[in-house]
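Everything on this sheet refers to the single structure shown next.
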């Protein structure tokens, strides 16, 4: 199914929660969704027979300087089509519902986004730092991240 | 040993004034020293051969830097092990930690006492030879278990527990697989068992060819004994890729060396037992070594015995570098569901055979057919 | 488990073990299968285009700093000063081969093709300072001083020429780059500060031993200790 | 007899497996909670090799990031190189000469062979048979020789470039490749005889850590791990990129031949069979390779248009997806690398429930994880 058709379908189902379609210059195209509806949209995308996006390829946090975003890349083994989902988050206390109950694959990716961007995934079954030590300060992939000089007295 | 001492006193007039017990004691010490030297040499050379065999099988060369063609590598290893710092973990049970390697080493070394190296070359021809071997080699499990426990390391503990379960389980098939040889010889003494396999061109007198059941017995024994001595594919107590190094993970220096040596000692004991019980022991093919002059007969028989035993050791190494490792539950399953029933069936078969054919083996029957 | 499956299990175990052991035995007895290369005595043939240690032919190097800019790990550092003939003169050219990842990007971008990969791959050292290759033996400060002097001389000459009222040609300003350097050191060092500097200099390299001449590991060691 | 567990209280034991452990394929730490030999919970703890490649990527140019992709999966650096090149080319819409694409496919498939050889070898070593490991290493050396010839390095190749490859195949390279394939193809049967169908080996792997197809898809497994569950999904076929559509090969899937579909043995056999398919692909590519340039004209500091691209390519350890955001400058704005091993680690805790300690090693080996790819 084409991105436009998916967007229209989602728009029809979720109304204003589906904000826009990022088509030009994006491969695959992104459907931008309001963060609060993320879990519901994800569940619909997975369960709808015509869409059946059964695998989450990638989940990435993005820092667009003025705001954060979480980008989801979905793929359907059944229909062999792909779509991107994106949700924009404020810089302060970014949080959104988790999708790891929809795609269990999301867990590690969400932990990574939490670790490196500080994006909280509400309802996640296990949200801990994954790549960095538990007591690391800050979230390195944010654009305004300041490199620390020392970590436990060790020069970084 | 006393008889030997008496003959020695009679032969050497110089010793006439010395009390018999002193001569016997002296003789014991000398024999023990000789065996110790032999055991250590074998274990050293064995480690070198193991690595060379590994090299050959794995399409590489193996140690070749120390001495001509790497021949002195084992000396270098020994020196290194002796010189290395002997670490004891801070939270270890110090006494047991120090004691464990000796148990393991003594267990394997004491078994050398009853190894029938030649016609007259045996330190002590005990009339319970096989039982003795099985009893003292069980000391190894105490050493391994102590090592695993006292190291205060979880991996070591797992290795120790595995070793205990494994060695105790495999005692049964090992014993059962050896009994056919005892039945045929009618004696537990290893010398008697070897003597019972003489004659018939030397080869066909072997228990291996006595009847089909003894043939299988040999392989059952060999398999079970590999497990009892923690050789690959049954090296679970060490299991380098799972338990890091198992029970000896915290050991270093000469204490590790003792474990290492006991491993090779066990290997040799298995080889000698299978040689003595199934492969005709020191019996020289085609003629009777017992009829030769004492020195020649012993030399010949020693050579034959060692050749057979070393071949068995080589085969063990060959197996070691071919097979993967079993899982612990599979190991237990193999012992209780396969080896134990099979050895019992075999034992039954041998007993029936001996009953029906009046103790004659197939080669003997064929020989009697041709008069 | 039926008896048949039970026996099959045993037979399969024996057969597959025998199969495997046949293969290992073949390798065990066949000496031709040994593939080990006895490294220090035997060596493999290094193919053309092997990416070993970097070497810069400083005679052809134009100090364009392309290599420095393109290096992803900043292992190259160079200092250069503008010479009297307006060309850049290298004052120092160091490559930290302990940091280099032999990616070859610098070699690809080098315009005069002076930077090359050699086939060298052996270097063991006790200190990290020894892993810094210095391609210019002379002290960087000396070179700078000398060039500054030349620049000053050329400027003086040009000024003289201009003062003389003759047609000031560019030929007059041309000074052979390798001029004799017997002038007073004090004057030269005073001039050094005014010399326009270019090029980049990663801080770690300079702190380690930018001043160390090529064949003096001791100096490099001192630099290492300081760090 | 009734079993009374309340009489003697028993405690579960927590064991730290790694970060230094012979069988965790690097610095993986697994926190095991065991009841004797039985593992009740195995929690992977990754991140010991985190080098911040994604952050580095934001600071270097597109071309400069190429050597860093070598460090992504050092056993399949060619695949990572090419994945990066393809992703950037997709973003910047750069046309690549055909010969370069062929060379990329050849080196990618050769690297897939060498990577699977390590997977095969280290797996057998984990299972206690050390010999096949060295056989695998020996064959890999031949591949390394080929790579040394074509790009000058044996491990971190840095061969692909945005717009092509760094250099044409030197004379004799293609012939040597063919020689290697002829030499190597019979070795696979030898491996099968030596170890793959060995009774002990089969017993260790069959029915261990079974992953049903739906679960594998839901957990986002890719590559051989997914195909081991019987899902015939291969990006080289299903989302064909580069010149892969021109080649005839089949997608190997697990069949459950010795146990349940989706067990460790199936994942292992998929890798063994994939080596044969890679051989097929390389043979065809060597036969068909056209003449021509190998590097398109790309400015050194090119600026791709603003946009976002997600490119997935089939690496030996599964899909390597590169999510690339360009803001029109010479550096990537954001770069996320999704790797097969990282995703495989996600399902690890689920499939290891109730297994034995020895099986943990088998599961880690069957996923063929590699730590730099997990931690990036």
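Assorted remarks:
A, B, C and D label the chains in the order they appear, each numbered from 1.
Operating definition for what follows: contacts are C-beta pairs under 8 Å (C-beta built on N, C-alpha and C of every residue); 3 or more make two chains touch, one makes a residue touch a chain.
Just so you know, these numbers come straight off a predicted model, no measurement behind them.
Chain grouping by touching, computed with chain D excluded: A | B, C. Each chain gets a centre from its C-alpha atoms; the one nearest the centre of all protein C-alpha atoms is D. Centroids built from CA atoms put chain D at 25 Å from chain A.
Taking each chain's centre as the mean of its C-alpha atoms, chain C lies 33 Å from chain D. If each chain is reduced to the centroid of its CA atoms, chain A and chain B end up 64 Å from each other. A straight line joining the Cα centres of chain B and chain D is 45 Å long.
Contacts with at least two other chains are made by residues 131, 138, 194-195, 198, 200 of chain D.
Within chain C, the positions touching two or more other chains are listed as 9, 17, 20, 23-24, 35. Annotation for chain A: no residues touch two or more other chains.
Working note: touching chain pairs come out as A-D, B-C, B-D, C-D. Chain A makes touch with chain D in their complex at residues 22, 25-28, 30, 54-58, 60, 62-63, 71, 73, 77, 80, 84, 103-105, 107-109, 116, 129-133, 140-141.
Looking at the complex, you find that chain C touches chain B at residues 9-10, 17, 20-21, 23-25, 27-29, 33-36, 38.
Against chain D, in their complex, chain C makes its touches with residues 9, 12-13, 16-17, 19-20, 23-24, 35, 44, 47-51, 70, 72, 101-105, 108-109, 117. On the chain B side of its complex with chain D, the touching residues are 54, 57-60, 154-155, 158, 161-162, 232-233, 235-236, 239-244, 321-330. Residues of chain B that touch chain C in their complex: 53, 55-61, 64, 318-319, 321-323, 338.
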